[in-house]
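First the structure, which I've put down as structure tokens, then a few questions once you've had a look.
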Amino acid sequence: MFEEVAKTAEGDLVINVGPQHPATHGVLHLLITLNGETIKKVEPHLGYIHRSIEKMCESLTYRQFIYVTSRMDYLSAHINNHACALCVEKGMQIEVPDRAKVIRVLMDELTRIASHELWWGAMAMDLGAFTPFFHAFRERETINDIMEETCGARLTMNYMVPGGVMQDLHPDFQRRVKEFLVLYKRKIHEYDEMVTGNIIFQNRMKGVGYISPEDVISYGVTGPAARGSGVSSDIRKLYPYEIYDKLQFDEVLETAGDSFARYLVRLREMDQSIRIVEQLIDNIPEGDFQAKTKAVLKLPKGEFYTRVETARGELGVYIVSEGGTTPYRIKFRSPGFSNLSALDHMVRGGKLGDLVASMGTLDLVIPDIDR
Amino acid sequence: MTNEELKIQLTALFPTATWEEGTEWPTFQITPAEWSTVANELRTNDALKFDYLFCETCVDWKTHLTMVYHLSSTNFRHNIVVKAKLDRTKPEIATVAGIWRTAEFFEREVYEMYGVNFLGHPDLRLLILPDGWEGKNPMRKDFEDPINMIKL
Amino acid sequence: MYERIITVLPVKKIKEKKQNITVWSFADISKTIDQWLNDWVGATWATVFEMVIAGVCVIGLFALLGLVLVIMERKVAAWIQIRLGPNRVGPKGMLQSLADTVKLLVKEGMTPDGADKFLFNLAPFIAMIVAMLLMAPIAFAKDFQMWDLNVGVLYISAVSSISVISILMAGWASNNKYSLLGAMRSGAQIVSYELSAGLSVLAIVVLTGSLSLTDIIQSQQNGWWIFKGHIPVIIAFITFIIAVTAETNRAPFDLAEAESELTAGFHTEYSGMKFALFFLAEYVNVFIVCAIGATLFLGGWMPFHIGSWEGFNHVMDYIPSSIWFFGKTFFLIFLIMWFRWTFPRLRIDQLLNLEWKYLLPISMINLLLVTVMAIMGWHF
Amino acid sequence: MFITDYIKDVFGAMKSLGTGLKRTLYYFTHHKEIITQQYPDNRATLVLPDRFKGEVVMPHDEKNEHRCTGCTACELACPNGTIKVVTKFDITPEGKKKKAIDKLVYHLELCTMCNLCIVACPSDAIKMAQTFEHSVFDRSQLTKVLNKPGSKIMEGVE
């Protein structure tokens, strides 16, 4: 290294952050060019967890391929499954019963809360505060327990199927969710006490990783990261699916465009999700949880695209069908992939410490980027 | 703008485009040669303003490749799909990384997965595949890997 | 002439009555040992033996402190993080750190290729030696001090700044970019925070008029400085705590080893016992700075007295002085641990901003106030 | 005013840090908030939800009879090739040949617990068990035969 430092005239230092690094939460590999502490360039190298899900799906039937998508963005597995189910339903024109719709939305929002909880803890951990991580897990575990009870798994549920959901809600579901709501309301102010209000945290976040609204659109940044720059990009509002158009909730927007704005968007989004859950939990209609579908699903020849809002941004599912039982080509437009492309733009000129702050607020899930 | 209005306007702008029927969003096909000017027009035209490329991918049709661009306008909230048919042996198309910067990553992915060469791309390197990858492009239909691919 | 290692100073008798009440003193024991050794082998050999005894005591204390502080840190962290913490090895997990030590001892100590082998292996020992040297002037209990230096405070601030060399050495010799960055951060950090730590210590020196730790403790017989010195001393105490947290590279100032940025900073490449030495040195440094804080601001081994409450003071006097000292020190250690598990880490430029824009001006003005206070005799 | 801003800054910062410290001190002193479950110790009292997807099992009744007809619906539904149905032909008392399962081989190491086979099964022959401690020393032990030796199909299941 001595020679290397001497060789570069400007004293630039090229550092590998990842694929095994505490801040990348997975196997993301960033090649960083540093000048002292200042970042000159960030170059992502992907593929360490690429499982070629798109290729795998080409050989799976329309019922089977949904389970694979849980493994993309494993923190919002429900929403991924939901997107796939929606796409198949769009192609087959299946009418989903009301009960199934409500169950799906409930599960989506619970997943979103769980995902944001984990993000919050991991974000604080990136910045050096360890305690919030464990506190976030207390609430997250409650949601996971609810999921486990109804769907049978904690992380990769495979609960959504074309035409509805796989099983009906567990009889205890409503009670457990209400308990969770009480717990959440009791504990959420602690998040502000421990992290949001903290002066060190605010200084680390404010003005860091700024991205302008134009760049947000150009880079295709979506989700809370885009809304932190004031770009309205909530698919639930813009292109409502399921019953989102009938629900009362706000699209959270901040205009500062820095890491702190993105942080606030996510925190307030949890409140909005709680609002949705509160609206629905007592109003789950009776009826079927699954539409009657054929045993073998065949999509007509054509192309189908659905967009849903995951916890990280816009997930697009693009199915090209040749009329068979398996998709001819499937493409997942994952939010993390586009969000990552803006990372270099966001952190250039910042300090090394800013990199983890910006990366934390982008909420990258590496399997989602690599697919 | 509704889909019909959009279609009328786009037909006027790009008379050479061939339209597909029965799709959710207006879908038209162009030749790779005109893609660069079409993309510029879509991005800059005040009535269209397609400033958000939300999906860019490629489909291998065994006889040819098709680039598929999903475009959206954050101003007017309308979407279109543009397709370009590429030659399978020597696929080449102009890059749009200068127009929509998100395309930089999408195109790198398509480049390694399908072998499409994007002319004028600022940084066309392997993104997901390991360095020094040789052989066929994995997402093409005729890709075979006897070691790692298991046929059930 | 040899300097006496175990020195027994004639205690300044500020209040004759108190002196009689304080029941338990190490002076008698050390005097007896000294006497006995002198009679047995003569003055020269007696000094040698005393040195050996002192050395063994320091090493023993080192090992003990390492074990105690590690388990303490883990328990504090666990309880703050709504966990149970180590609870498997020994009663309530109290032997966990012993098991960890054994594990670290039997682990292979790796030296990476391309590292500067000499410096790489030397660095952890420098860190240890610095920590050991700092033990010398600390008064652990009444009349229990290894080396009563008349410039004790100066000695501590001089020696403690050597520790940065070990970190720089480790960072440079590792041939690792993370280590180098961590070491550079640490260098900038320790050098800057030395200033405000020094200035806040000076506040007490100004009030006492002596650099000797014994004199400083004696001056607090009628009340600790933190109570006697009004607001300026409280400000000095706060700056001291912040500065020493930074100086010992503890969170929120752990930039030298910031794991989310630099994986492990300067000790990325260290393993086995060499890593353990760094680890131990960090904890012992924490103990030492807290001991100094306790000595300067909280009266060292002096018991807690309230004005004219004779009965209360009497009871307090019966608590052994070593318990007072360790109690105060461990309270400060707890404070530092509490900080660590609550706050996020600062960024390097904010860290330097905090020092040069906030702590340094505040402690300078504060020193001025303390000086005025000391001259006018406004303190109790 | 610069000085008042400066002092305000300092006090605001101290206050924000104090709030955080107060919160962590609360948890430090309130041990009843601890949520740790000491897993291997609480194994006796650990209850998993009845829907938990642990592994695929085939329930047998006391007469060693199962409900599997060997229709291979589960094999077709499985995305990973986890289940392999080996059929044989039994001779019924009337002398007719009847298809039945010889072995239902289940590869736990390939299973992703997606529940698709359970949903696909027309005769409710298989279900998910609530086990989760699947570690074994040898990979071959993860390949299981679900039907017990000598088991027969239950009367009346078609």
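Just so it is clear, A, B, C and D label the chains in written order, and each chain counts residues from 1 on its own.
Assume contacts are C-beta pairs under 8 Å (C-beta built on N, C-alpha and C of every residue); 3 or more make two chains touch, one makes a residue touch a chain.
Just so it is clear, the model here is predicted, and its values are computed rather than measured.
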Each chain counted as touching chain A and chain C at once
D
Chain pair, A-D or C-D, that carries the greater number of C-beta contacts:
A-D
Would you identify the chain whose Cα-based centre sits farthest away from the centre of chain C?
B
Chain centre (avg CA) closest to assembly CA average -> A
Rounded to the nearest Å, the gap between Cα centres of chain A and chain D is 24
Return the distance between the CA-based centres of chain B and chain D, expressed in whole Å.
41
Centre distance in Å when chain B and chain C are each reduced to the mean of their C-alpha atoms
64
Chain C-chain D separation of Cα centroids, rounded to whole Å:
52
Which residues does chain C have that touch at least 2 chains other than itself?
80-83, 341-343
Which residues belonging to chain D are in contact with no fewer than two other chains?
17, 20, 23-24, 27, 35
Contacts with 2+ other chains: residues of chain A
131, 135, 138, 194-195, 198, 200
Mind pulling up the chain B residues that touch chain A in the complex?
22-25, 27, 51-55, 57, 59-60, 68, 70, 74, 77, 81, 100-102, 104-106, 109, 127-130, 138-139, 151-152
Inside the complex, what are the residues of chain D that reach chain C?
10, 17, 20-21, 23-25, 27-28, 31, 33-36, 38
Which residues of chain A touch chain B in the complex?
44-47, 50, 52, 54-55, 59, 90, 215, 217-222, 231-233, 238, 302-305, 307, 314, 316, 318, 320, 328-329, 331, 333, 337-338, 340-341, 345, 370
Counting only contacts in the complex, chain C reaches chain D at residues 76, 79-84, 87, 338-339, 341-343, 358, 362
Show which residues of chain C lie in contact with chain A when the two form their complex.
77, 80-83, 114, 175-178, 180-181, 185, 251-252, 254-255, 258-263, 341-350
